[in-house]
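Input: structures, listed below.
What follows is subunit A paired twice: with subunit B in the first complex and subunit C in the second.
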Partner chain A sequence: MSAAAETRAPAPRTPAPAPPTRRPGRRYRAGRWVVRNWRDKPLWMLLPATLALLLFGITPALLTIWLSLLNLTVSTLREWLEAPFYGVHNFIDAFTEPSSLGVTLGWSIFLSLSFSLLTTVITTPIGIAAALSVHNRFKARGLVRAVYLVPYIIPGFVTALTARVVFLNGSGLVDKILGGLGITNGQTYWLIGPHAYWAMQLTELWASWPFIYLMALAGLQAVPDEQLEASAIDGAGKYGRLRYVVMPQLSGVIKLGMLLATLYHFGNFTLAFVMFGSPPPAGAEVLPIATYYNAFDFFNFGLAAAIAVITMVILIIPGYVYLRSTRLTGRVY
Partner chain B sequence: MRKSPNATHRPFVVACLATGTLLSLSVYGGTARAAAAPKREASGQTLEVLDGAPSGANSQDLKDYYNYLATRFKKATGATLTWDYYASSSEETSDIETATISGSGPDVISYGTSFVGTLWATGDFAPLAPGQWAQLGGEGSFVKSELADSGLKPSEYIGVPYDANPYVLAYNTKYFQEAGIPSPPKSWGQLVADAQKIQAKVKGVYGVGIDPEDAYDPWKNVFFYDADLGGAKPWEWINPAGTKVDLTTPQMEQAVKFYFALENQFHVAPPQSVTWNSSDLKSAFTGGKVAMVILAEYDYEVLQKGTPLQGHLGFAPLPTVPYGDTAMPPNGIPVSTITSGEYWAVPKYASKLGNLALDFEKISLTPQAQLEDFKLLGEMPVTEGGIKAVEAYDKNIVPFVKSEEDAIATSIAPVWSYVETGLLTALHNIGSYLVTHGGKWDSAYAAAQLKQAQGAAQIHATGFPPAKS
Partner chain C sequence: MAAQPVTAGLGRATPKRHPLRDEPKLLLPRWLRRLIIVVLLIVVMIPVGYMVLMSFTPNQDVALGTISVGVLGFQNYLDMWSAAPLAAGLLHTVIIAGSAAAASVVVALLAAYPLTRFEFKGRRSYLYTLVALQTVPGTTSVLPLFAVLSWIQTTLSVTFIGTYWPIILTYMTFGVPLSTWLLVAYLRTVPRQLEEAALVDGCSPLGALRRIVVPMAVPAMAVAFLFAFLVGWNDVLFASVFTNQHTQTLAIALERFSSTNAIAGAPVYGELMSAAVVSSVPVVVIYLVCQRYLVSGLAVGSLAG
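Moving on to the complex of A and B:
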């Protein structure tokens, strides 16, 4: 030990920060504090929401998990409470057994993930750019805003049916354009084979970018004009205002939009089911399609429930990441 | 490995039930068809029937047919008939599943032939007793082939056929005349030759249309041609016990090859038809873009109205002699159609209504009702009396009646849905392979696809579940 250290005066002891209690001077205990504070609040008002959550959220989820553990087929459906317990075999079968759909579950998971993430990644900048383009006042702004929403308000099955016509080989609009520009020979089979994935992806991009646009537009309305004016007075140019004033304030709503959009794309059953033949080509065998065929075509409800549980687990991950990033899970009021 | 039932899961289930979601779902211990139920006064009672929703081109005709049955039913029984609809096969499945689990729902369900195995396996539908068949005119009064999709065996028949959709060849008589072809083809080789002639003579028209992306037609095409070639009988793609699947015979591969050869080898089908479903094909045929449709139903009589096809529609039995042959091969079977049509089935829980469901079925089978079904919807009759009534009204149905009488039923084993979907997947993949490989047939690829379909289905070929009380 050095001499300097020996002669150093002890540091004055600073008291530990007080626990966040509303009754100073009393010892803090988290559990009691919560109970005591909750006692003062009208908790019964949470009852309807709690019941609704139990009925429409937790119970179906638990039930699905339970069904995934049963050997539940068409012949055991009637007495489903007595269906043989099957353990995790449905999960093992889902990943290991060859499927009559011609693809593995791993492929469907990969397809759903790439389809949903790619769509979100591409539509986000498009949606933000569209929102910025109609944020400031100009003539016919209302009309442009309305036109932007057209792809979004068309029902999903109509979009899929239209896409089926647009992507017909030879006579479809896409082949006409690509063939006319000399990019392809104008005879690409989009609805079958390896191009089916890209036909589905392009359709989803077209139909879904207005969602991010709507979210971004709503976020833009909340940016105070005073801040923009102040930053302009401080010498910030258009880019500076966008980069340092607007975007930070849009970040929350954009993240939420991206999460919701990804969840929606992941669960989009209608597009693949309506746009292609039945069953769809391998490039369009997304997870909801696998669930549907197992439940409603093969009547293997146990296996379908197992796939639904796997889907649920996959979807919980981005949800949790979002909640953590926005710190919704850690807040105490 | 499958485990035996485990009773420890009950508390968990009870907990789930306690939440309330499933309180309304109680398994109903049904009985056999209404025979055991006490007969009650029908007046004031209501019979709920589940059938397809009126939509599309013949929506009003379907409504008229439903109203016709409801009116006749009211008059005969004093009870009220209400219709419940499904808009798609998935909604039909969902409705039936709900009814099966909850023990409540429609009192009579309309189903199509491919659904009988599923309904039978649920054990929730009441078989008809011999006395009940007698009330419907006796089993002998039906076209025999139609009863093949009523159930596993006569003592367990759960479905009462009420109309049929036999397949025939539909052709555009105008194009045949322009090409100088006097009559429709009787062999597949002749069909190809006729198609080529039409294409040469009539500009912008293809000889025949195919729809490989449809949910049903592709495997049916293969079914017919496989039978014609004399391979393993297609109705034995699954053995009678429902435990073995066989999709890999040389004739099977040849049948698949011929189906796609119409487009990629003979070039008598439009290139874009590789992506068509049945709606696309109907549109092309009624629009005058193709001259022949292989699997046609009588509904083209309705669809042709106001289209370029109007006044030029002809029907003929399907060709049966394989391409390249002049006569049927030694083991070949001239299959004209598969058993195809609609049936009534009564859930066991509906026994509370006494004989009301049977009364309804009886009304739908009268010659007048059968004729009404034909006049409004173009559906073929299923009883001898109905056929006489319809033949007196329209002589054009003779090819259909002949086709219906010779119909062959597909397997009703529970594994059928896996075979059907697996085969469709294989056909879709082979079609995709062909268009991305310049139309060049690859026998090894096709065989691998069929083998994959067979293997995936074989896992689920566990036979028939025991009959339930």
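Moving on to the complex of A and C:
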């Protein structure tokens, strides 16, 4: 141990470092290089990450709860420490009165839940089918896999802008096709009014199925070939192998993918924000949009914070329950 | 044992198999596989193709829906630079996302090293916290950050909002959990004997990290940099709050371009689409070139959220 490292190490909290013989049985636990002398562990290296996450990640999340209890408008924002305490009024207002956007919090919650759950439910079978379709080798498999990824890697704001043009009333691609086939009169008004939700939903479906595909593909690659061969020898057909050998092994990773995808759709701000004009139609006023417009267009920061708190509550409960119960805990060694 | 996503397979090659042994591994009948592939390729390519086609179509033809081969041309790609501050936006995006990504890789490497090499209390909790933080949506933290920054601005009479600092620090923070996870997954696969030797020979932990670990971790660091860079490249939320006309990113320049023209009633959808193509081409090209490395990174990243 060099003198330089000794000086860089943080001051000891306990004066005597534990001797290596104290818990000899755990010294090489799990093959890990265990350094019992804490001075040898450069834990100060965690400081920058911890500081950044505390200042820009955890503290803001906690601060939102405090802000949601204040009567915080554009005039009180700069002195928010002295802003009048408002109790749960922001929450009551959010649920009972339509905000300046014209919708209540209940509507936004319903929209967000519907938007995220529906997207996950529909994209999951598509993603699994896509993964199965390119799992086995064939010519041009690399190309197909690359194209599959395209909706996912195109930036979200580009997807939203393109959707705006694709769903243009009358002259957009969708209206042209629907009008040309005689299904509609070609004047659907996708971007305003009641159809806006479905335009947004379709766009999210298009953009997000490759996520489940990636998860399923990673899961498929972990299925040992030997198991497939053994089950084939035992007489399992294609369907049997898929249903009883592959699927049980995929279910863990797909459930995790579904959870993460739902959380992601729930927090998707970019799509609705860029796809629609300002203010967005009622069918697109999901929770992130409600938070943003109440804060930065109508300057009712307290109300926006209340909506953000509700968002966190809705997200944290299933996320926490799932993270506790999933085998993810087994993977984090 | 549940199926595991790829956790550390940066650039792992699949061994070649004998064709006769492949039969049991065919999971779907050939016709079904072909059907899925054809349908998905069509579904994926139609909007993308439409975007590219519209980017070559004059504005008024896009708005009216009168599309023909005769009107196609490169005019949009020339006009868009003066119609919207795209070049400036591109520059700001590169500066902001680039410095945020570089900082986040350094911070993440510093964190990943003790997290993989040493046992200490709270190590697991730290990794869980990183996963949990990934799931917090940005809309819940943009508001308090804005409130605190405007309060600091008023109290100390300095200017933060509109400068590069808040946006770079925010993107850096959002890049840290994923970068840390990528590097943790990679460092697990790197043997630690070399560092042990360096430490025994009197190298400090930081020295061992700099001289031994960094040279070996370059590929993972590159992947982490790219993902952290994309955080900034793709973000609209924080950029729309923390930047002004002088620092706005490409995404914001495009978003404002599209909304101001919608209000003005002179739609410039053609130029919008050519700008959209320009914004996606770098990302798509990088992905496709480095697909092998990035897809395993995506799997790790998705594991971390």
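Note that the second predicted complex is superposed on the first by the 264 of 333 C-alpha atoms of A that agree within 3 Å, B and C clash if a C-alpha of one lies under 4 Å from a C-alpha of the other, contacts with A are read in each partner's own complex, and residues count from 1 in each chain.
Everything that follows uses one rule, which is that contacts are C-beta pairs under 8 Å (C-beta built on N, C-alpha and C of every residue); 3 or more make two chains touch, one makes a residue touch a chain.
As the structure is a computational prediction, the values presented were derived from the model and not from experiment.
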Subunit B versus subunit C as contact partner of A:293, first or second or both or neither: first
Touching partner for A:63 - first (subunit B), second (subunit C), both, neither: both
Which of subunit B and subunit C A:171 touches, first, second, both or neither: both
Which of subunit B and subunit C A:197 touches, first, second, both or neither: neither
Partner chain in contact with A:87 - subunit B first, subunit C second, else both or neither: first
Partner chain in contact with A:278 - subunit B first, subunit C second, else both or neither: both
Touched partner set for A:79, first subunit B, second subunit C, both or neither: both
Subunit B versus subunit C as contact partner of A:41, first or second or both or neither: second
Contacts of A:115 with subunit B and subunit C, given as first, second, both or neither: neither
Which partner, subunit B or subunit C, touches more subunit A residues: C
Residues of subunit A that lie at the interface with subunit B and also at the interface with subunit C: 55, 58-60, 63, 77-81, 168, 170-171, 277-278, 292, 296
Complex contacts: residues of subunit B adjacent to subunit A: 1-6, 9-10, 12-13, 16, 19-22, 27, 90, 93-94, 97, 100-101, 118, 121-124, 212-215, 271-272, 274-275, 277, 414, 417-419, 421-422, 424-426, 428-429, 431-433, 435-436, 449, 452-453, 455-457, 459-460, 465, 468
Complex contact set, residues of subunit A against subunit B: 54-55, 58-60, 62-63, 66, 69, 71, 73-75, 77-87, 89, 97-102, 168-171, 187, 189, 191-194, 276-279, 281-282, 292-293, 296-300
Subunit A contact footprint on subunit C (complex, rising order): 2-7, 17, 21-29, 32-33, 36-37, 40-41, 43-48, 50-51, 54, 62-65, 106-108, 110-111, 113-115, 117-120, 124, 126-133, 135-148, 150-151, 153-154, 169-170, 172-174, 176-177, 180, 188, 192, 196, 199, 202-207, 209, 230, 233-237, 240-241, 251, 254-255, 258-259, 262-263, 269, 272-273, 276, 279-280, 283-284, 287-288, 291, 295, 298-299, 302-303, 305
